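Across the two complexes that follow, chain A remains constant while its partner is chain B and subsequently chain C.
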Partner chain A sequence: MRRELRAEWTKTRTAPGTAWLTAAVVVLTAAASAAVAATVSCPAAGCDQDVPRLGLAGIQAGQAAVAVLAVFAVTGEYGTGMIATTFAAMPHRGRVLAAKAAVLTGLTLAAGTVAVLASVLAARLILPGNGFTAANGHPPLSLADGPTLRAAAGTVLQLALIALLSLGIATAVRDSATAAGVVCGLLYVLPLVPHMAADPGWRRLLWQATPANAGLAVQTTTHLDDLPLGPWEGLGVTAAWAAAALLGAWLLVRTRDVRA
Partner chain B sequence: MTDSTTVVTGHGANGRDGFRHLVHAEWTKFRTVRGWVAGMAVGVALVVALGLMSAAGSHASCGMGDVETACTLTTGPGGEAVSDRFFFVHRRLDGDGSITVRVDSMTGQIRLPDATPGVRNVVAGVVPWAKAGIMVKDGVREGASYAAVMVTARHGVRMQHDFTEDVAGGPGGVSPGSPRWLRLTRSGGTLTGYESDDGRRWIVVGTARPARLPATVEAGMFVASPGDLTVSRGNLGGASVQVRFTEATAVFDQVRLEGRVEGRTGGTWSHDDVGVAYEPGGRTPHHPGRFTESGGTFTITGVGDVAPSTEGMRIESTLSGQAAGLVAVMVVAVLFVTAEHRRGLFRTTLLAAPRRGRAFAAKTVVIGAVAFAAGLTAAALTVPLGARILRANGNAVLPVSTFTELRVVAGVAALTAAVAVLALACGALVRRGAAAVTVVAGLVVVPHILATASVLPLGVARWLLRLTPAAGFAVQQSVPEYAQVLGYYSPQGGYYPLPPLAGLAVLCGYAALAAVLAAVRMSRADA
Partner chain C sequence: MRAAIEVIGLRKRYGPTVALDGMSFTVLPGRVTGFVGPNGAGKSTTMRVILGLDTADEGSALVGGRPYRSLRAPLCQVGALLDAAALQPSRTARNHLLWLAHSQGLGARRVDEVIEQVGLGAVARRRAGGFSLGMRQRLGIAAALLGDPPVLMLDEPVNGLDPVGIVWIRGLLRSLAAEGRAVLVSSHLMSEMQDMADHLVVAGRGRVVADTSVADLIAAASDGRVTLRTTARPEAMEVLARAGARVAVQDRDTLTVSGLEAGRIVALLGANDVPFSEVAAHRASLEEAYMELSRDAVEFRATTPGDGTATS
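The block that comes next holds the complex of A and B.
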């Protein structure tokens, strides 16, 4: 397994897009979080806002960069034919997939941590100027606060799980544009489907089943009783999607011909 | 030597023929790749299936108490949904004539959100669009054609007719000590509204030609007071709007009706609480209006509004699957260009058509036309069928003209085509499929979702729909915003900050810019 890990790390490290995309994860997340923090305001009478969630809203932008990073990790090799060389050198295909997943997880966790810390810092600096003050019940965002720490750590984990989900999908479809389309659909379009259901029971169930809705429950720190799922259970939904995608990818990569 | 001359002639002198050739070549490439055709079909299927499923899942019934009926809409002379509820004190006028009144005061009451749950919290006051004035109407049927001149609480004097038309007169309301005189004159099919501070110097407010005004009309005084709004924003996005009861009371005197006037019951005034709803049992009116008269002074209290109505579903709500469909179209458009680079086919394409800009233009034409056809198919199926299903399920769907419905359907097709061209151009610029798809989704679909289904503040949501390519979704809006109706006009409710064609123009601008950049890059970069 060490051989595979080393090979994957070298490939990822030297691929031209990796540095750019890792930087994009950090910049997009932090910039979008700061933009949201700069546009919301809290009147003097107080407001019912979930401040940690506002401060981490940039994940909506950053997750796209994570998805592209994950998709490139696989489809880059399929696109150039490199995958045949990879499998010739390391015939244990399941291990190659596992090594890819491990390298990607490490990279996303690192980028995600920086991105989340930058977002929290931006929100901590910007929000008090927009009326989110201790006087009306919103002390500055701090990771010493239990729920805020959970929201921040959960956001990093959600990014890593999105990377694994994207990796699984990309391995299954083997084409970069199609994989990105499917992942964008899962991240941005699927969350709308619960709103289309008229029946409240169905709406709740669909909300619980969509990774982009349920997974972000981990960012919620107020009105937890109104959520259809607990914060960690929500993250579990994304984890289940990622596990299913990786399992499917493993089965396909083991049985299929190298190239389409 | 002869051969090369022939080639030069083929591309130089017969330029148009050459381009047709290129388009034909690109079309052949497109239709012979099974995955791309399937991708477009998936896009159409997603729009139709998600749209019809959400329509089928949406049921509604109306009625008070135990009696449930299908929700019905009152329609005005132009076929649009209207609200026609007011207190009318009137007499029959045959042919030409005029009515003059003095409005002396306007007061009222407003129910505020309950301070103590369950206890009615009613305070004195008038809402900005409370109306008192004179009206000429084709009978007292709800939705009948009319023209009216009125004074409002905060929007000055207005001349309105047939629900959607509104012209502003002088500013200022009425208060004790400073009354307003109003006059409405009929001459054939034309009505002219006047206002005056003293009853002697008259200023024309406006003229109106109502659509269907018969020779004999009802002319008289009316008072209406639209409900007040409370908007509360949800924790997980979306907003709920609560309409609260209000009523307005106006005092009129110096009433003069000229022309051939018939008194239905011995020369006295008739009165109707037009459009009043009844409590269960059908006898007690719900929030009734009222009036008293003594010595030529009329005190009239009215509830409701005479205005276009936006309460109900819209035909474009059946397009809920559009974001999903657009993502599929983007993927196909990006693949249409990146696949050539990856397989090295592009070098062959350039050998066959060395003028690179033209090769790219031909690709743009083909993907634009294919996406237009796909969008047209999807919308032409989903919008009429979805609206029919919604109506069959008892939902009140706001009626729109055939022209508007065609504009929505054609607009969706144009939107799909523009998004496809944008995606194609991004694919040519970035040359990496995943990056191109994500960028285009991030430019088109994500801002729209953030603006219409998230907790973003209203101002930010509106700017997203002005500045990003998502502005193009405005082309779907079937019911306009009415300045004379108080409403929560938010992107969540389906109101876009730009007019339909302006929004589409923003998207097309982005697509054109990307296409030009892509053509430039293509002629400079290595294949």
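The block that comes next holds the complex of A and C.
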């Protein structure tokens, strides 16, 4: 497993796209968070806003870069045929998948941490100017605050889980366009589905089952009782999706003929 | 001698297409084994099965007595070049070899060695995507040599090489075999094998049509035939037939004699005062021998209707 890890890290390190996409995770997350912070305001009378969640809203943009990073880690090899070289050099395919997952997780955790710290900092600087002051019940965003720290750390983990989910899907479908389409559907279209359900019970169930909805429960710091799932339970839903995708990928990649 | 590669009764179909139909052969160390056959004969599929990339429906393939996928550092056992284009074009040649080296527990020094060995030193830090096909073939060969393996397997390595490259690879493969390594080289062009291979595995329609040394294959195709030119045809025919030879008339003054070697023919004709102007061994080229063998094995030749179905 050490050799697989080292090889996959060397591959990742020497692919020009890695640096760009990692930077994109940070920039997109922080910029989108800052943009959201800049457009909301709180009147002097006070407002009922989940400030940490606002400050971390940039994950909606950053997760796309994470997904692309993860998808290309696999389909970049299938598209060029290099996957045959990879599996000839490392015939234990499960270990290759595990090594890819480990490298990707490390990279996403690092980029996600920087992205989240930058987002929190931006929100902390911008929000007071828009009326979010201690006077109306919104002290400056701080990671010393327990729920805020949980929201921030949970956002980093959610990004890593999205990377793993994307990796699993990409390994299963092998094609860039298909994988990107499926992942985008999961991240941006599936979250809308619960809203289409008329029955509240169904709506709740669908919400609970959607990674992009349930997973972001980890960002919530107010009205936790109104959530269909607790913050960590929500993150668990994304984790379950990621685990299922990786399991499916592993089952397929073990026995399938290697074709570009 | 322990076989380096053992292919035992491989069968595989892709949907309705039979790719392998009982492919069996062994590759021995110390010689270059040519793996020849028309396109679609199953050469590449066999190599993919040996490397554990594709799974056969039946049969097995062993490298050094073990299935490939059980090898711990496979590139140190078998160096393979299947498809020179199978790399990510944005990575430099050196970095491509570097991750491969790391996957086998090897270091950067070995990478620099093989880069020099294949003559890519000057372009090692250039993106492989900008390489010509010939340069990619050299990079692929560098990857195959990386683990200093006792077995090498190359699928159409001559493709895309210029004459200098062809001479280079021929010399390289011969010297690798001379070092005691087993070398399996596939090609759909028989002429490439004439100066490269010692032994030939001829494939057709997913199975082995012939497994023989190059010399034997030519001898078999020549069938010990001798061409005889003489102005005294009837006398010559009578003398030779009496000695047990089969004699066929080729034209007015030329006979093709089989069943007697040239020296004996000369002696017989001389002893019986039969005049002749030329006695020459009929020596078939490898190409001819191959055509003979693969006549039944060529899948895509023009056939009469109803003859195109797989007969296996």
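What we mean here is this: the second predicted complex is superposed on the first by the 259 of 260 C-alpha atoms of A that agree within 3 Å, B and C clash if a C-alpha of one lies under 4 Å from a C-alpha of the other, contacts with A are read in each partner's own complex, and residues count from 1 in each chain.
Please note the rule applied: a residue touches a chain if its C-beta (ideal position, glycine included) is under 8 Å from a C-beta of that chain, and two chains touch if they have at least 3 such contacts.
Predicted model, so just to flag it, every value in this text is computed and none were measured.
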Joint occupancy of chain A by chain B and chain C, clash or fit: fit
Which superposed partner A:67 touches (first chain B, second chain C, both, neither): first
Touching partner for A:77 - first (chain B), second (chain C), both, neither: second
Most chain A residues touched (candidates chain B, chain C): B
Partner chain(s) touched by A:192 [first = chain B, second = chain C, both, neither]: first
Contacts of A:91 with chain B and chain C, given as first, second, both or neither: second
Which superposed partner A:15 touches (first chain B, second chain C, both, neither): second
Partner chain(s) touched by A:126 [first = chain B, second = chain C, both, neither]: neither
Partner chain(s) touched by A:141 [first = chain B, second = chain C, both, neither]: neither
Superposed model, angle subtended at chain A by chain C and chain B (C-alpha, nearest 10 degrees): 110
Distance of closest approach, chain C and chain B, by C-alpha atoms in Å: 11
Residues of chain A that lie at the interface with chain B and also at the interface with chain C: 17
Contact set on chain A toward chain B in their complex: 17, 36, 39-41, 48, 50, 60-61, 64-65, 67-68, 71-72, 75, 79, 170, 175-181, 184-185, 188-189, 191-193, 195-199, 202, 222-223, 226
Chain C contact footprint on chain A (complex, rising order): 3-4, 6-11, 14-17, 76-77, 80-85, 87-92, 255, 257-258, 260
For the chain B and chain A complex, residues of the former touching the latter: 39, 50, 53-54, 57-59, 235-236, 238, 320, 323-324, 327-328, 330-331, 334-335, 338, 342, 427, 432-438, 441-442, 445-446, 449-450, 453, 456-457, 459-460
Parts of chain C lying in touch with chain A, wherever the complex brings them together: 48, 51-55, 68-71, 73-75, 80, 82-83, 85-92, 95, 98-100, 102-105, 143
